[in-house]
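Letters A, B and C mark the chains as written, and numbering starts fresh at 1 in each.
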Amino acid sequence: MRPLTFRKLVFECFFLLVILFFVVVVALKFGAVPVSLYALGRDLLRVLLGQTSQISSDYGLIIQNIRLPRIILGIIVGASLSVAGTSFQALLRNPLADPYVLGVSSGAALGAILSLIAEPHLALPPAFGALLTPLCAFLGAAVTITAVYFLGRRQGQIESNTLLLGGIITASFLSAVIVFLMSTVNSSNTRGMVFWLMGNLSTSFQKSIYWFLAGGFFIAAGVIYSTANDLNVLLAGEKEATHLGVDVRRVRFVVYMAASLLTGLAVSVSGAVGYVGLIVPHVMRMVFGSDHRTLLPTAALGGAIAVVVADTLARIVVAPNELPVGAVTAVVGAPLFIYLLRRRFA
Amino acid sequence: MKKLPPSRIRVVACRTLVVFSCAAAPSRAQSANAPSPGEPPAFREVVDETGRSVRIPQPVRRIVSLAPSLTETIYALGLDDRLVGDTDYCDYPPDAKKKTKVGGGIDPSLEVIASLHPDLVLATKSFNRLETTQSLDRLGISSYATDPHTVADIMSSVKTLAAVLGVPEAGASVAEEMHHRLDDLQQRIGSLPPKRVLFVVWTQPLISTGKDTFLADALRHAGAVSIIDSSQDWPQVNLEEVARLQPDFLVFAESHSGDASREMAKLATLPAWKIVRAVRNHRYAVTSDAVNRPAPRIVSAVEDLARQLHPKAFAEKSDDAKKASGKVNPAFHPMPFMLVSPGHAIHAHLSSAGGCACGR
Amino acid sequence: MSPSRGSAAPRTPPESARLGTEIRLAVEQVSYAYASNASQAPLFTLEATSFQARPGEIVAILGPNASGKSTLLQLVAGILPPLSGRVLLNGLAVHSLSPRTRAQRIAMVQQESRLLFPARVWQFVLQGRHAHGRSLRFESRDDMLAAQNALIQVGAAELSDRWMDQLSGGEKQRVVLARALAQRPLLLLLDEPTLHLDIAAQVGLLDALRRLSAHNRYTVIVVTHELNLAAEYADQILLMHGGRCLRVGPPAAIYRRELLEHVFRVPLKVEMRGHGRPRVTILSDS
């Protein structure tokens, strides 16, 4: 009998944090513009110390304004998607669940395309104009989350299979609407939609957005983590969980909302990056076990590592051009998923 | 300035001066010939620019165009009365909007096309699909496709198309006109160092144009060189590369005024883009949408762009330029692409907005 | 199944010492009905039923299928709200308790859902401690002791490190019982626990229940249709038929041939044996 202790948890997370650190250093070093480790270290130190005005070299500016924010975005998106994926797999009692199965990404995509169609006709101040697409994407996600919630209820509370069905139907319906819009609306902006759908970390934002995303992540992930033990018990079965003292109705609602929120945030800023939310939880389960008290934080770190690595590859492989990060995760993720299937999730 | 590849012109010219297959060739039952009783249908075998062998009924009286660039070319050749149908996107010249619409470029309605009984359907590789031409073949409707990759290609394409349609003199004249204006332009700016530009198709993510497109060639004619050197047609570019190369200008193609200045204002608020000096200093140029269309009007867009990029080369000759843009070639009617250079209108708008770095 | 099962004589103390004197569970005129959809009139699943139980007592809810046994059990567990009447556990109405408080007092053993991801036996049993303490926490020494004790009490201590999906039916049943015991409940409810067990396992389970109820002062309520097991082990029997409780009482009072034949609809024979426990024999058609 070796129950989980705080020390074990911290150790496992620290191990992953170290890997993340190395991955970030590599990501900062490599890219379309080569940077020496020394220059990197020096400029990073300046950033940390707040002496940003002293970064004069072009390389330093590139690091600070392009590469570092992009890596931070990758970390947040990867962590959000993995935590959401883990949560949905527990909530729906289905190992094949990923963050997009309940239609959130389709809703966000619809919001994005509507904003692209409407944008030329609105006279918005420039700073707001740059935010319009992610904002509308998030609104689309929020509306979808609410709609699927009501579709997924039976006798007043969320029921796993009903939720899954409701989500899948909503996702297909929204996809059909998107295809319809893209083929009938004659707007040059819809051409850009194809790139958005492929999952992309190259969008840049004002600084405050990164803080907002990080804050949103920690709040939503924290809420989910508070139910970690409940999720453990929930895996034994819903009736059993009730008998063991879990308020199943409350837990389902809270986890559904928080995980959908995480997905909505991630998709609004990066499009639909696939496979991360599906595979990272399974890999972490194989390594660290199914206890959600460990699984949730390790999945978050694992997802961050996966997305930063994928994005670095996306930037390097055809430099100075780049691939969309969703393409890299698909190429790597699909064979990995097949391998996991054959091992039957260990 | 680029020379026209002579070999290519010769090959195409030879192929168009071929056998007239006469009544010996039985016409298919569904052949969409214009009714001309008593006259045996004549055909001409040509090879189009994608290498397909096409049997074109002679003479060509009814034409359907499946691309805006081809529509413009038909008007420029003075054959607009033979144009019986075009796409939803064909909006230049304004008269083209009144023609019967057959749908979009990707998915035109075969029924509408067939109901128009065209002698020839015109397509282009970058705007239309191969499947459409194959479907038309099965219906017994001939289709001819163009595929220009450079401005020179556009000119020779115009001439070839004119020959196919039975008006070689008009074709030669239009091509000559284009050639002449480009030569003029070359004289003005040929000795100046080209401006390094980034042609922006889309901002987030950043999409530019590859080096093998006619767009890139048009930039070269305008005295610019794209900093992106990619064999992909529409490569996604890493912003770091742009920050490293620091282009002199960002170039946008506008579908209607106001877009580009708004885009620039938006980009200027983002810390990642502020590193690019051209964004900080609002150095951008705008061309009309014509730069996206491989048609004679592209020359106007090229001229307009050259004016924005090399203002000093045009300053003392601004009067001549105005005269040139208003000139109508008397031999052929009409040549709408010369009447108004759309870039000027947009220009005026922008200068008043204060965002353009071109001197006037 | 019990490690030291030797003689046939029961090791339980005399009845008066075994059962507590106070009433722990009071079921007062509870009934239940549900409608399959809103427009139809409700269907009575259970008519008003009452009984009481004391610490250390084993109650069997006996009857054929669809007699309302499981519904009654769920009402006692506090999962279903009674249409009328109430269920009081030490004076508290069970349905009004929060799931957490309820789980500290009532443990249920029933047909298990399939585990989604692999788990070890000790992890499974530890889940019984979930209701004790804050939701998000690491297990304390007390939790681990409770889990270990529970495994020992069901005789499954050596299974502690095995994977759940590698256990046999009987082993799994013991582990599930251990999880319930780890909750340290007042009330232990079991819904058809002998369904997939062989004879030896069935006897072993009920022996364990008798031993545990005496030792730990549980009140045990078992839903079953096994006539002889109920007769042998229950202190009190509720005979259910068609949603009604026909009779409540000790086995000797309930096991009357005409009554049982009416309920179970097979010809049978009832013998009273020496220690006051009847035995039922099914007569074959001839």
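What to note about this one:
In the analysis below, a residue touches a chain if its C-beta (ideal position, glycine included) is under 8 Å from a C-beta of that chain, and two chains touch if they have at least 3 such contacts.
What you see is a predicted model; the values in this text were computed from it and never measured.
If you take subunit A and subunit B together, no chain is in touch with both. Comparing mean CA positions across the assembly, the chain most remote from subunit A is C.
With centres set at the average Cα position, the gap from subunit A to subunit B is 42 Å. Centre-to-centre, using mean CA coordinates, subunit B is 84 Å away from subunit C.
Here the CA centre of subunit A is 46 Å from the CA centre of subunit C. Counting partner chains per residue, subunit A has no residue touching two or more of them.
Of all residues in subunit B, those touching subunit A in their complex are 88-89, 107, 202, 204-207, 228, 230, 232, 235-241, 243-244, 255-256, 258-259, 262, 265-275. Note for the complex: subunit C touches subunit A at residues 77, 79, 98-100, 102-104, 106-108, 110, 112-119, 122-124, 126-128, 130-131, 135-139, 143-144, 147-148, 160-161, 179, 183. In the complex of the two chains, the subunit A residues touching subunit C come out as 1, 3-6, 93, 95, 225-230, 232-233, 235-240, 242-248, 285, 290-291, 293, 345-346.
Note for the complex: subunit A touches subunit B at residues 31-33, 58, 61-62, 65-67, 69, 120, 126-127, 129-130, 133, 183, 186, 188, 191-192, 195, 200, 202-207, 315, 319-324.
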